[in-house]
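Each of the two complexes below includes chain A, the first together with chain B, the second together with chain C.
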Partner chain A sequence: MSDVARPMRRLLRIPPVPLAILVGVVLGGLLVLVSGGNPVEAYAAIVTGSLAWDSLPNTLNWAVPLVGMTLVAAIPLRGGMINLGGDGQMVIGGLVAALVPLYLPGPGPLLIVVAILAAMVASGLYATIAAWGETRHGIPMLISSLLLSYPAIGICSYVVGFPLRDTTTGLAQTPMIPEAARLPVLSGPLNAGLLVMLVVAVLVVLYDRFTVGGYELRMRGLNARFAGYGGVPLARQMTGVMFASGAIAGLVGALIVLGSQFRFQDGALLSPGYTWSGLMAALLAGGEPLGAILAGAFFAALQTGGFAMQRETSIPRVLTMVLQSIIILFLAIRHGVGRRRETR
Partner chain B sequence: MTAGPVVTPVAELEARGIVKRYGPLVANDRVDLVVARGEVHAVMGENGAGKSTLMSILYGLQQPDAGEILMRGRRVEYRSALDAIAEGMGMVHQAFKLFNSLTVWENVVYGMEPSRHGLIDRRAAIERVGEIAARYRLAVDPTVVVGSLSVGVRQRVEILKALYRDAQILILDEPTAVLTPQERDGLFDVIRHLAADGRTILFVTHKLHEVMTITDRVTVLRDGRVVERMVTAETSPREIIRAMTGRAVNLKVEKAPASPGAPVLVADDLTVLSDDGRPLVDRASLTVRGGEIVGIAGVAGNGQTELIEALAGLRQPFRGRVSIAGQDVTAAGVDAHRVAGLAYIPEDRAVTGTARAASAADNLAMGFHRHPPLARGGLLDGRALAAEARAMIARFGIKIGSEKLAVGTLSGGNLQKVVVARELTHRAPLLIAEQPTRGVDVGAIEFIHSELVAERDRGAAVLLVSAELSEILALADRILVMYEGRILAEVDAATATEEALGLLMAGRVQEAA
Partner chain C sequence: MLDFITPFLVNSAVQAITPILLAALAGTLCGRVGVFNMALEGQMLVGAFAAVVGSYATGSALGGIAAATLATVAFSLILAYGVTVFRGDAVVICVGMNLLASGLTAYLLRQMFGVSGTFSDPAIVGLEKIRIAAINGWPVIGWIFSRQTALTWVAWILVAVVTVVMFRTPLGLRLRGVGEDAEAAETMGVDVTRYRIVTVLVAGAIVGLAGAQLSLGTVSIFSEDMSAGRGWIAVVAVMLGRNHPLYAALACVLFGFADAFSVRLQGQGLPNQVTDVVPYVVTLVALVLTHTKRRRRQDPTITASP
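Now for the complex of A and B:
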């Protein structure tokens, strides 16, 4: 190995995730510098805009769906599977959660619970179609989960665009859901959705660590053949994993609709791109749930900070997306380099 | 240099001292290979003996760590298969590399299309492909879509592809594995024509009768080394088997006579089909009783792997029944087999038997992780897992620092001990042991052998599959011989001789009797 490579090797000894973040921050800073901005100012704006006391609630509100969608990606990824259909599953959940309180009678709190559960079941079942396609017909789930997303989005768009449209507005959206069926407010902009997501996140981590199912999923991710040989029913497991993953996507849709938007509006759930940020966060942690949750929260802070930075400096918030991408890219490169060394 | 004819003919292909390492594994250890022009040369060896590695080096797919390759006496260095092809190498892989939606001629000329005015000259291509096909009696219509062809014909397309690139040396990697007997005879005809035309064939296989039928010379690999070079006409299947499986160490296992009890594993009329419907296991019936070791002998690739997969629940049989300890588990998954009483040491410890990146504790729990004492009510007992793992590590002498460490860095013998420890600890009524000592050192072999006998003596039914005759003879009480998917014969181990078994393994029942 040449002398030039030596400092490189020392750098590679830093744990991969902090190193990737460091590289992202440095390259992003250079980018700001080149385009005539002040990187220190930009990063200060991001930090205060996401973590300062009065901006923290915004970050948390952004983190609830993003962490949720991170789990949607992380749960299958833990077992070496990929669910790219989060968008469609989230939209189904959002629509179902809006329709339940609009069209079912009953007391508000009960409606909330029923709406959330119905959203989770609907999205979970929808997600299992992709698993069924792979276990029964050999259609790769990677592709089918993504493709199944589009009809789901399209159908939901049609439903609120025509038969169930709020006729008092010109937009493709449902009427507002009654106030009694909205998620209770905790304080200021925070609502009970935060607590629900917190509980779900804790449950996922506990399941991963302490249950037979969590062990089997982990082993599948490390060597699926080994898991099958040990008696893990791979097909049933895939179906169960996709149901859980889809159900959480449905939950995310429901929490947004019941907690902040109070109606299902065509496109409103998808425009922030939670699914893809979540997928990146899950990849960042290699599917390990706790790491994925932290990565998801980190991305949420980054993105919330990005909005603040855009408001306060002349630097567009796209910078935070660039940061995110550099981090993931760098991790992917490192992974490749590490692998190649192993085979030599 | 005009003093007369050259006395020593230059070898068409020569490999000298080829070394290839994968981490700690030496796949090829100073391999020498000499192949003359126009000969059909068999490269034989068990799975993992290093045949495939050697072939991919000769075909430029991999670069050797040491050693050199000479083509007609001239040293060559391949950076990729393209270099090898330019030197006249051709290879037909086990899994065909064809575009199923394209026609035969499109597949054949792909990458080397004859062109006119920058466009593919379709007529010339079809003509050329037809010519080659006719010349070597490869009956293929160049205009047919590949996807509609049978496996045997697709293989001819692969051969055509190599010949179109003017391959002088053709590597056929287990070419008959996918063929029916009739297709195989057709392939042999083609091979004879090619050899008569001065082309050289490297025939990779572990099927003995094919080697005896079609080849001129044989090079046998074992554990990455060349152990024997033979002229086919002067050798016998038995000698080849000995070269492939023999081991320098004389294995003696102390064991008392068996006292078989009730049947534990019963398989009845079991048939397993390949994806394209050929029988891999052909109406096999067998019974293993408690307190006995039944050995399955056979040259690798005669259906043993598929039989075991069907018995363990990893593969659905097409026909027949399997029961373990009286429970019918034919249609059930692996877990039901495990619950009924199966413990199973699989053939390949790295691919199937362990997860490299997982900890020793996780590896040692697999298969027994759903039931007490390791789990209760769906919750894994981490403390029990760790305690069991530590006990197994101590009892089986697994050289690992802690049960929390990943097993990926363990040597082959130690990794095998992880598998053996896990499968023996739970005292299952049935143990299937598949190649339990392949690639492990002598000490580990003795240890594993004595453990298998101890299993038998405590009353377990043991089914042992091994490609090594010496191992079968040392351990088994009864021996079943598999040949081309069938259980050809049952032999009492007390009276069995290596000679008779060798003939049976080669499918020659009359001579063995």
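Now for the complex of A and C:
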């Protein structure tokens, strides 16, 4: 086995994440080449389409939900847990955030705050069901969180498809929320959601670094048994972590609905695939929040650039998804090579 | 209550169960050697895509099956070597594989056939439904066994074969040993790494069949993300069946009939958003029921990292 490891070790002197990105770019380039495209053109389109001055606002706009969903995955991952139910939790948040301003009276700014908080609480509580299943019945949260997503999506889809549907359009969606209850615009496509997400991201990083709770969560991630032996209440911790994770998923749904779509539309929150991209970004950083946020922003740039690439070349933008998965797969495997070296 | 069991529904339920059953069978194999395979969804998608490509290129369904098997085995190399030689984390690798499958098939669909969404073409030859004249008219038996694709037959035969091999042969004993206690197996002279690699690849071939049934069985098309959660249902079936092929098969049947029941509910005027949820809720309830009985006993094969 050391025959495999030796040539790799030289490569390993490059820091792992840039190396993984390099591998992804090379393999992705080969794929483009094989399918008859020009990889240099493709990558140039991705870079200018995401980082040029004109496209930067679009990238930031795409980054808000993606970084949010990255945090959703990163918080449990920090403690060695995985929440696969982000889709369902986000949809619940989006629906609640749309219903509050539609059916409650009150001044706009207050409605925004109430809508966001209600969305966070609803999604957070839904997410704790999976934690409860594991702590009380031993049902692995990994699978129950995913399975719980389907009923949530189905019920929300039913609610906007039938009882609360906007009957003036042919689509399964709620009516538009009043203008007063929409998030204020900062400039161009950017809205106040960016600031909210920035604050949440900073709070998560600070919590992780400077609080007892953050320390306990990291301990759990390193060795759950040891943390439990050291007095960390594992069951309560899991419930709390899932509530926080779900609440942020709800926040993401609320920010999309209140900030850019202004209504809850069936399927609109899920089609960009923020949950899985976020999970990959969190895995890329091993759950460390700051790294995960950067990875989430990187994926957001990649995906935004993908739109430009599809516009300017004939290469479909799903290529960026292939790049992301190659990066994550390489890191998973490379990490293993490093680990073996440590043990011997 | 049981009047939803009509010949047509039974027949289509058996048909719908086939890909999930094949995937679950592969999952139990992996689980028995201590590899938690969460990539069934992605493997199935790769198989479904390759089956359509193979059938389109060769003009025969058999070519489709061969392509599906080969492609999925090749794709499974990532998992097989990733968790053994490279000691990667199975969950991370599987999440990556699922996304790679989804992205790669969508990319190739556009680049090879110039379509996005769904690819259908008269040149794609579907699997033939075998009509057995002798039992075709019989109630229940005829509904179940006649007018099914060869892969449905293969799936149920494989359930028996895997069960026998796993519990009645020395090979099976070694396989189970690798999963239960890798160090002890190593001490007894079993090459754990090789057993894991080969098992994951064989499982990959089986999931390839699942993919072929998906894209060539009922319909002869490929559409993006057409596995649509079936791989995850198979993962749950593996967990419900605690890595036992027979119990996993039972879980698949439960799911298939919940699915048929939901179609029946839809016929009674319930909106499909609600009825689509029924199989998942039934699965969740089954998870709760099976877990309350043996409270807090951890399943070593699910949590153990290889």
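Odds and ends about this structure:
Definition applied: the second predicted complex is superposed on the first by the 330 of 344 C-alpha atoms of A that agree within 3 Å, B and C clash if a C-alpha of one lies under 4 Å from a C-alpha of the other, contacts with A are read in each partner's own complex, and residues count from 1 in each chain.
Rule of thumb we're sticking to: a residue touches a chain if its C-beta (ideal position, glycine included) is under 8 Å from a C-beta of that chain, and two chains touch if they have at least 3 such contacts.
For clarity, every value in this text was computed on a predicted model and none was experimentally measured.
In the superposition on chain A, A:Gly36 makes contact with chain C only, while chain B stays out of contact range. Of the two partner chains placed around the shared chain by superposition, neither chain B nor chain C is touched by A:Arg311. In the superposed model, A:Gly230 lies in contact with chain B only, and not with chain C.
Of the two partners, chain B and chain C, it is C that touches more residues of chain A. Once both structures are placed on chain A, no chain A residue is touched by chain B and, in the other complex, by chain C. Those residues of chain B lying in contact with chain A across their complex are 22-23, 312, 314, 333-335, 337-338, 344, 346, 351-358, 362, 365-367, 369-370, 375, 378-380, 382. Within the complex formed with chain C, the residues of chain A that make contact are 1, 4, 31, 35-37, 82, 133, 137-140, 142-144, 146-148, 150-151, 154-155, 157-158, 161-162, 276, 279-280, 283, 316, 318-322, 324-326, 328-329, 331-337, 339-340.
Per the touch definition, chain A reaches chain B in the complex via residues 210-216, 218-219, 222-223, 225-233, 342-343. Residues of chain C that touch chain A in their complex: 38, 78, 81-82, 85-89, 91-93, 95-100, 102-104, 106-108, 110-112, 116, 229, 232, 235-236, 239, 271, 273-274, 276-277, 280-281, 283-284, 287-288, 291-292, 295-298, 302-303.
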